[in-house]
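As written, the chain order gives the labels A, B, C and D, with residue 1 at the start of each chain.
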Amino acid sequence: METMKNLTTLCLKQVIKPRPKQSHKGNFGKILIIGGNKNMSGAAIMSASAAVHAGAGLVTCATDSSNFFALHARLPEAMVVDHSDFETLTQAIKQADTIVIGPGLGLDQLARQILKITLSTVSPTATLIIDGSAITLLAQQNEPLHPTCQVIYTPHQAEWARLSGLAIAEQLPQANQSAQQRLAAHVVLKKYHTEIYHQDGTISRLPIGGPYMATGGMGDTLTGIIAAFMGQFKTLAPADVLDAAVYLHSAVASDLSQSKYVVLPTDIIEHLQAFMAQFS
Amino acid sequence: METMKNLTTLCLKQVIKPRPKQSHKGNFGKILIIGGNKNMSGAAIMSASAAVHAGAGLVTCATDSSNFFALHARLPEAMVVDHSDFETLTQAIKQADTIVIGPGLGLDQLARQILKITLSTVSPTATLIIDGSAITLLAQQNEPLHPTCQVIYTPHQAEWARLSGLAIAEQLPQANQSAQQRLAAHVVLKKYHTEIYHQDGTISRLPIGGPYMATGGMGDTLTGIIAAFMGQFKTLAPADVLDAAVYLHSAVASDLSQSKYVVLPTDIIEHLQAFMAQFS
Amino acid sequence: METMKNLTTLCLKQVIKPRPKQSHKGNFGKILIIGGNKNMSGAAIMSASAAVHAGAGLVTCATDSSNFFALHARLPEAMVVDHSDFETLTQAIKQADTIVIGPGLGLDQLARQILKITLSTVSPTATLIIDGSAITLLAQQNEPLHPTCQVIYTPHQAEWARLSGLAIAEQLPQANQSAQQRLAAHVVLKKYHTEIYHQDGTISRLPIGGPYMATGGMGDTLTGIIAAFMGQFKTLAPADVLDAAVYLHSAVASDLSQSKYVVLPTDIIEHLQAFMAQFS
Amino acid sequence: METMKNLTTLCLKQVIKPRPKQSHKGNFGKILIIGGNKNMSGAAIMSASAAVHAGAGLVTCATDSSNFFALHARLPEAMVVDHSDFETLTQAIKQADTIVIGPGLGLDQLARQILKITLSTVSPTATLIIDGSAITLLAQQNEPLHPTCQVIYTPHQAEWARLSGLAIAEQLPQANQSAQQRLAAHVVLKKYHTEIYHQDGTISRLPIGGPYMATGGMGDTLTGIIAAFMGQFKTLAPADVLDAAVYLHSAVASDLSQSKYVVLPTDIIEHLQAFMAQFS
């Protein structure tokens, strides 16, 4: 097993570069966020907002139709799709180059169907970020579908236990990596000092972040940043881009924690653009 | 009777401490805010917002379903439950370690049922904050249900008159304390120089705050701060945590009143994080 | 006829005073804003927001029920009433000590009914501010109802023409005052250098304000400020309080126009609290 | 063919002038924004918001009724009309002096009908800005209706290909101008260094702007600024006013890009008033 690389600000400098002058919104990702049932609408809103503020070109949110109002009130930059309209959802999945599934999706029958459609429809050239309830749903299946595209799982420790079969006490680097390699995907294991297991066998460790980030919605926000980065920095190595996205999330929070006792997901979202400006 | 302790900034220093590094959102309170009928949605929104901004880990709001849009447009960090869906409401009450009932709940039959379900379902290890119309509803009952968990009442003087039977002119410390001890609960008596009667027999007095706080929603905001504090500072003495929450609410307002003729509930909410940062 | 008094900052100093320490939200006005049909919801939102930010104790907005979401998303401090539920509306009118009717009310049959209920229900001790479409509706009636309470009309020149019968070219001070005295009300005639005709026979003139204020919603915002002032400064002479409210609206706009090409109604609302702080 | 004029800050100085003192909201444009279906509500919200912040006197948004809530939550200054209520829509078109059609309108049968009504109803003295899906719909028609009023098309390159019949590689100034002159309209061809073909035969070129503007909604925002400028600066040459509007959009973005990695449409909207203040 490789040793873990401790991430530093350098990982941001390597990824957040000036954009090519002759580029347009189509060059910076067609992102689809799938999530947000009637009770957890906010999760999808935060994921979509983080994506827009982190530089995504085009963001669409497939969510319960009752969530359209709040989403547009906060984020007019995003388009919406009713996630129970499977025909339109399928179309949206086909057009996206980067997809997040999971934030606030829930665990009911509709969520299960949406996940199934997503896994079977996603383009082989797309990147799929699987988070939250979508991880739990996948773990419940006997023979989980494995999409052929690039996949990034973003479990916290309990979700990783479900997906990997490793109890939290067993979640040591070597065991984690074995499980991750069986999944043939990147795994962002969210914990005190988050670990990122890349598909190429390298492992990164996040030395920043802290308990001021312990508010519901923090993980949803991370998915949006990852999506924006995978969508807009397509010419760079995916492992580097993923590291930068995860680092950015905590770096902004760490910065804001100097002046706030807790840093909310929406605080991070609001400061992404200014923080990223330091590196371009 | 004990003498009243005049609260000072010291009460914040004793409670608002750096968080343990290895902690997560589950450690900082699973808060449930129950309130907000069709006409008084804002009360529940302000209570939930105050809870999130004061550091609560997870906040769910059980409210009229027509309020979901405005709540999520303001506060995507919160989850929602339809408070007329009694099965889901019961589930949410069981899972919460800190509950607020009352802000904007109203006095109708549905409010009565919701209060009844809450009192009979709340976990014995939870903390229950009873405010506004929930106090009035309780006072109307001949034999009020007394939950076995820790209870905090937050009446203004007219509500305290209903609950204690003491006319406002009779609301002197000794009489207040006798009534409070019969309730076997903490009582935050909101008035010019708010008084806090603790279950352990001590009494605190709030020497700060002022008429710049005289806007509807101020009390709703206080309930959210109290909930966040009871939920996240569980290892400290409840009387100290309650004092700090009440003090914080007025301390932020007092600070903002230097530059604003009136300080709105939403102003206080917005500045909680920065104000708390001074003490950690 | 008296000469017109040119208003200066002095009129703010005389009215915006420190509040009595032992006071509560009930002392600073129970305001009811009646307006906002399906198409002009924003007018009622701006009026209610201005009232809250200018210091009103309690604000309720009687409006089309489809407007509840947007109102609460912007202003959780306000309560709402469905203005087509006449029983609840009547109750709300009876409880209010200051009422605004007109912003975004429209001219249809429902608007007519709501105006009729308001005029026949308003408490004799209340202050009633009649604006926008409510003025036009009143002018259309052959024998307009005259409530016995204190009334303030806030017409622009075309509305004043309808209400007074004076063509714009005829709207000279003496003619205006005669018409105003027949109405037995205060009249705020909104124009370049707004004129305020008081019930006591005095006239004030507003030398500030300018074309940076020429955005829809500016008049709605003024009604909310007037309501907040009439509601919270009840012990002062109504003419002085009305002058101060009208002056404040333009003084804030004038101040903001240093740094903004146009000053929006929502900009004024946002800066009311800080501007008023200079005078207390 | 004339040579292209490179736009500079001078174009703003020539147009953004102090307003006449005796003016009112009716003097600064009666703007109607037509767009925003259920899935692309944000486009209409951004167009309307840009219009209000850029100085429009009165803004109405004709959109899907499900979008009213989010629009009013963000922009109470605007009025709304249900765009599927053709009678009211027709009335609104007749009353407007400046109309935007297209942002988020979509391509379905309803969109087609709305476009047809707009083209046949618009006043000959009005200015009509045709954007986004409305351009695509027009290009699909065999014999497109040509309104007799002043028209401004705002296509990106793919839309211009559809409208002009010129493949992107063929979109050279002379060919573009020929196509534009056949349309008897102004054409703002949005690309790296946007080109503006005026009805009077002159051509301008925008040397500012950049890839930090590559977020969905950027074009919608431009339409609102153009509408506000055409509506409020009616006494100036239309070519100059159009140039100034297009320049302003990118000048604000360029300014904000000093401190933000990407500049969102809503960021531009928020800073329009302050940026314009430099020139008056």
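Going forward, a contact is a pair of C-beta atoms (placed from the backbone, for glycine too) under 8 Å apart; a residue touches a chain by one contact, two chains touch by 3 or more.
Here the structure is a predicted model, which means the values were calculated and not measured.
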item: Most distant chain from chain C, judged by the mean position of its C-alpha atoms; value: A
item: Copy pair chain C, chain D: interface residue numbering same or different (half cut); value: different
item: Inter-chain centre distance, chain B versus chain D - centres from mean C-alpha coordinates, in Å; value: 49
item: Euclidean distance of C-alpha centroids - chain B vs chain C, Å; value: 35
item: Residues of chain C engaged with two or more neighbouring chains; value: 69-70, 73
item: Chain D to chain A touching residues, read off their complex; value: 38-43, 45-46, 49, 66-67, 69-70, 73-74, 156, 192, 210-212, 214-218, 257-267
item: List of chain C residues in touch with chain B within their complex; value: 16, 19-25, 27-28, 52-53, 55-59, 68-73, 75-81, 272-274, 276-277, 279-280
